[in-house]
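Multiple structures follow.
Consider the two complexes below, in which subunit A is the common component and subunit B and subunit C are the respective partners.
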Partner chain A sequence: MWLKLVGGILVILSSSMIGFIIAGSYKNRPTTLRNLQVALSMLESEINYGHMPLPQALRSISKKCDKDVADLFAQTAHYLSSRRGLTADEAWEMSLKEFFLNSNIAENDYEILIAFGKYLGSTDKQDQIKNIRLALDNLRQQELSSIHEKEKNEKMWRYLGVLSGIMIVLLLY
Partner chain B sequence: MVGARGRKSIESILQKEILPILPLHIAMSIESIDAKHLINLEEIRLRPMKPLMLSIDNEDYMITGDGRITRTAHLAYYVTKEDIYKTFQFISQCSVYSFEEELKNGYITIAGGHRVGFSGQVILENNDVKTIKNISGLNIRIAREIIGAADKVLPYIVDKCQVLNTLIISPPKAGKTTLLRDLVRQLSDGIDRLGIKGMNVGLVDERSEIACCYEGIPQNDVGMRTDVLDGCPKARGIMMLLRSMSPDVIATDEIGRNEDARAIEEAINAGVAIIATAHGSSLEDIKKRPAIRKLIDRNFFDRYIILSKNSGVGNIEAILESATGRNLIITQGEGDICG
Partner chain C sequence: MFKIAAIGIVISILSKVLDEAGRKEQAQMTTLVGVVIVLMMVIQLVSQLFSNVKSMFQLY
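Showing the complex of A and B:
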């Protein structure tokens, strides 16, 4: 009897946990996208007013921006200054791949950031700013749709987790 | 006098300063060349679809992909457009936008004071060079400061612990900038041998060639009492230093315009010694330029140092005393100047 009860509780707990984790990914994506936009705006002003070379600019952004996205910038700066023979877009792509695996951004967001990286550092100021603004616009769109998805999916996955746990237990009894 | 004390080895220059700006495979092939061939490396040239060239001792050499020096074009490594693009990215630290001003001038000074010149498609805006795009040719000029280059000259341009107004006259590539740089360094640090105390030297480095500032910090040793105005037009710079930094000596490179002459006049009248250089092969030669002629005719300079290329870089052909026109280098030995 006790064994059954403990087992049932475990099943419910773990399935709700799964539900919460999936819901969490919907919850965090808008925040990450928001933070990315803030960081890119910082990059814009570093380039526009500071005329700061990319490695320094990225490093200073990684210190100022949210921890959530800091690694992406710190790592790009690290690759740029430590590895011989990497251009800015290659360094960006490498660190973006690592970032993608460890964050909640979606495939679409990733593609926007890859496209942004293609021109990173390689053109004059006006072009750089245009490129950043374009990425900012796109990320803003993604953020809006991610908020929408969050509202739709976050609660659903939580309920689904808990309820499916309860259902499994009931079926097993 | 070339090859005097304190010259950085070519291996360390290449390793730390030059190879990091080249694409990996080119860096590797240059790395595998025996360093003894590269001792007098002056330039590395990259042109698209053309062999990779090194200029050593005024001679061109090509190199193969696996790092052998050759003179047969079809064995050489041919530079690709991609190589040029990448090198350009590395030179600008992947930040082309932060080098717009330098782009307009056609060159960038990189860490170590080396100069990278480039050619390509020039974009004009209001009759002014806006930028260069489609970079097609790169020339990496290795800067070699020669500590001690001014040893021979110094006794002649200092009189009773006073620096004399000096004009260095030299054809291109004969070592006038090297000489000026070492003069500045020694005057600024002080010279025990001649009993000269260090003095404040103001350096107007319009083309970033003397101190070779990189991010504001001189890459060459220009002495401990030297203030550098980097990238500043000469005439403006001389006036700025005069007003703000109270220098004992002002040094500048390649004078020639009217406003330069006026600024020099101003400085000399204010009691500040001037050391300047001018392009030319003899005193008569530079007298053809009206601005400099005025200065010469009115005896603003005390000494003219004339360099020539005939007997190797940095050789002094004559040191003229302007008051008498005598060539001091024959008539006077190194003696006690600051007795």
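Showing the complex of A and C:
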């Protein structure tokens, strides 16, 4: 009797956690996108007004911006200054892969950032700024659509998690 | 018996949530699935009832 109760509670808890985690990924995507935009516009002003080399600019941005995107820039700066002969594009892509695995951005956002990285650090100041502005515009569009998606999906997945847990327990009881 | 009522309640909440989130066809699908599950339970109970009546009256 006891064991049945404990098992049922475990099933409900675990399936509601699954639902919460899925809902959480929908909840975090707009925030991460906004932080990425802020960081990119900081990069734009660094490139426009400062004359630091790229790793130093990236490092200073990673100190100033929000926690969840700071890692991306810090890792890129680390790979660039590690003297392994990586171009800015490759370093950006490597740290972007790790960032993609650990956070909630979607496939579309990943592609925007990869396309941004292709031109990073390889053209002159004006082109870099144009590149950044392009990426910023695309990210802003993605942010709007992701807010729309979040409102549709977040509550639904939370409810789905809890209710399917209860269903399973009821069917097995 | 409480299983049937509880499943009914859960299915109705699920259907409402899915419907509100915009996925109407999935809501209708789960309602259908819930009805099938409840139907199977009811059939079981009804067959039990039949066998009880049969043994009580010893008719056929």
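Note that the second predicted complex is superposed on the first by the 173 of 173 C-alpha atoms of A that agree within 3 Å, B and C clash if a C-alpha of one lies under 4 Å from a C-alpha of the other, contacts with A are read in each partner's own complex, and residues count from 1 in each chain.
In this section, a residue touches a chain if its C-beta (ideal position, glycine included) is under 8 Å from a C-beta of that chain, and two chains touch if they have at least 3 such contacts.
In this text the structure is predicted, and so the values were computed from the model without any measurement.
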item: Subunit B versus subunit C as contact partner of A:Pro55, first or second or both or neither; value: first
item: Touching partner for A:Glu107 - first (subunit B), second (subunit C), both, neither; value: neither
item: Contacts of A:Ile47 with subunit B and subunit C, given as first, second, both or neither; value: first
item: Residue contacts on subunit A - larger count, subunit B or subunit C; value: B
item: Contacts of A:Met156 with subunit B and subunit C, given as first, second, both or neither; value: second
item: Contacts of A:Leu80 with subunit B and subunit C, given as first, second, both or neither; value: first
item: First (subunit B), second (subunit C), both or neither touched by A:Gly121; value: first
item: Residues of subunit A that lie at the interface with subunit B and also at the interface with subunit C; value: none
item: Residues of subunit B that touch subunit A when the two form their complex; value: 19-20, 23-24, 27, 85-86, 89-90, 92-98, 100, 131
item: Subunit C - residues contacting subunit A, complex; value: 3, 6-7, 10, 13-14, 17-18, 20-23, 37
item: In the complex with subunit B, residue positions of subunit A that touch it; value: 47, 51-55, 57, 80, 84-85, 87-88, 91, 120-125, 127-128
item: Subunit C-facing residues of subunit A, complex; value: 152-153, 155-156, 159-160, 163-164, 166-167, 170-171, 173
